[in-house]
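Order of writing sets the labels: A, B and C. Residues in every chain begin at 1.
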């Protein structure tokens, strides 16, 4: 079966202050349909860069990116990125409702559009705030608007860049569970960037760790925890703790020593 | 001179000196003075123009040149500014030439344009457009340059067409900057319109001013100056209002 | 200003000149009095060798700079008073804003009326034109940030010391911006005064060459005017940077 989204020997060079900088080199990743893959890595390791390449927003300098077997040029249909920088991704001159409609308004009729927008806003719990302007919402709410905007397009692949980074623990947990639910209903393929180890283990079918400079994939780990998962019971399982332990180790932490970075 | 209410911040009592000056001028001034005719004579001064049905057409011609010139400058400045702001290499390629054009004072272009294009309304427009374009071009360039890359990626990942990307994202995002430029460019465009008219005497309020001065009709000169001033006020007021209200909405800081 | 030489930009500039030459020579651009760049260069040579250019340039510079210098004195002095003495500001600012809205060029006929076809007309016009940006920038420059004044109070500086050590340096960058704007405006308005008033200087030279149907010399004069503006601006900036190093750098004016 061809993977939904994949890259082989991916290399990315970006202009830096003193000449070109090689950010990613030799990255191989393939994500199957309906799979949930997390990308972990320290700040500045190139997670956002990798996601932008997978989303067709940044051309690769070397190697190949394919979506459903065809090499991509620009963002493929049905592949939607949710950006880390939500504040700049929402249009301040549009209400929440019209922001969520941005990706579908040109393609759908009024009735269907409204229905989808309401549905997406309900999923992220923001239906009551639909007529507010985004800059009147908290950071976490703004991020949920961005997620709703992506969901409204009914994407086949969701590329999410630290989507819950700005949220408090409780909202985060509830959105994590909503995301799992949405995925099991819609069979969306999800690539999820985070630097939260627990979150990665809890959500993923598989996780990869980016490290080095230029970065490549240092560790790939399958997470065979049973689904559906629960915030309390799953996180108390011995295999969950074991997996979590291994990821921390892969990120350079050792038992008995306080965490660094 | 009409005492108009100023926009917030400046206390209105500050108009006192100006009013006092006009009152004293009125009381002390000699109505026959060739240099300082008192304000009450100004209306008599422009009466002949009104009777000859020349004043309104002159104001109309000035306004037309001003509005058209500003509109062309806005379109030109916004488009070139966006292009130059979007690409470092386009910027590097064009900026020396643009800087050089910018350094040419509008006044020096008038005789040249008159010689090349003749004493026509097109000539007036060309002279007005060139200097009025700069403020708009510059603010637009900066705004385009500092536009968040995420804002530009958003419509791409949502699969919007190039047309929708331009109309739904780029245009609204740059509108405040364009209006900020227009706010600076509008008074400039009015000044240059009058300048061309004064120098070339083609038509409009400036030409009337020049003619009045040449005929030593001092009261008429002051009367026309007042009308030019009112025009200036109106322009300032309109563009400032438009700029603040639109940019508040667009920047999301109502 | 230590930038790399912009080869691409220079090439485009030269290319544009070449294109202009080509279009005029091949009559694709067909205006009766549009000279190609080579003719403009020739015109420049003629103007220089006949001595007309030097004389006109000297006259215009004299008038513009005299007016500007007077405006600098008056504008900085009056602007300081207005910026520092609150009651004066309250009882006059609105008048100034009302007067400022009058289009400056509309005063040129008034000045011609009052001072006739003389160099005084030019100087007055240049003065009036430069006064506004200098005055208004000085006023807003003098509005020191309250933080800085507080630090003056904390350090128990005298009023004079606060003025001299905090307010004035704080206003320098704004004043320099006003001076630069004022200089370019006074140059423009001097040219206008020469075109419609006093028959002398570069402004009159332009009109004269236009009437004599000498487009080459005319464009050359425009070129000289543009270069003069650039040089004057650079001189003011250079002088300001030398004199007020710290203040200019902190306002980011240096890099612009």
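What we mean here is this: a contact is a pair of C-beta atoms (placed from the backbone, for glycine too) under 8 Å apart; a residue touches a chain by one contact, two chains touch by 3 or more.
Protein names from UniProt, one per chain: A = ABC transporter; B = ABC transmembrane type-1 domain-containing protein.
The structure displayed is predicted, hence computed values, not measured ones.
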item: Contact-richer chain pair (by C-beta pairs counted) among A-B and B-C; value: B-C
item: From subunit C, the most remote chain by mean C-alpha position; value: A
item: Closest chain to global C-alpha mean, per-chain Cα centroids; value: B
item: Rounded Å distance between subunit A (ABC transporter) and subunit C, as computed from the means of their C-alpha atoms; value: 55
item: Distance from the mean Cα position of subunit B to that of subunit A (ABC transporter), given in whole angstrom; value: 49
item: Subunit B and subunit C, separation of their C-alpha mean positions in angstrom; value: 18
item: Residues within subunit A (ABC transporter) bordering two or more other chains; value: none
item: Subunit C contact footprint on subunit B (complex, rising order); value: 1, 3-4, 6, 10-18, 34-35, 89, 92-97, 100, 103-112, 114-117, 187, 190-192, 194-195, 198-199, 206, 209-210, 212-213, 216, 218, 221-222, 224-225, 228-229, 231-233, 236
item: Footprint of subunit B on subunit A (ABC transporter) - complex, ascending; value: 52, 55-57, 74-75, 77, 79-81, 83, 85, 88-89, 91-93, 102-103, 106, 133-135, 149-150, 153, 159
item: Partner subunit B, residues of subunit C touching it in the complex; value: 6, 8-13, 16, 31-34, 89-99, 101-110, 112-114, 184, 187-189, 191-192, 195-196, 202-203, 206-207, 209-210, 213, 215, 218-219, 221-222, 225-227, 229-230
item: Interface residues, subunit B side, partner subunit A (ABC transporter) - complex; value: 148, 150-151, 153-161, 164, 168-169, 172-173, 249-254
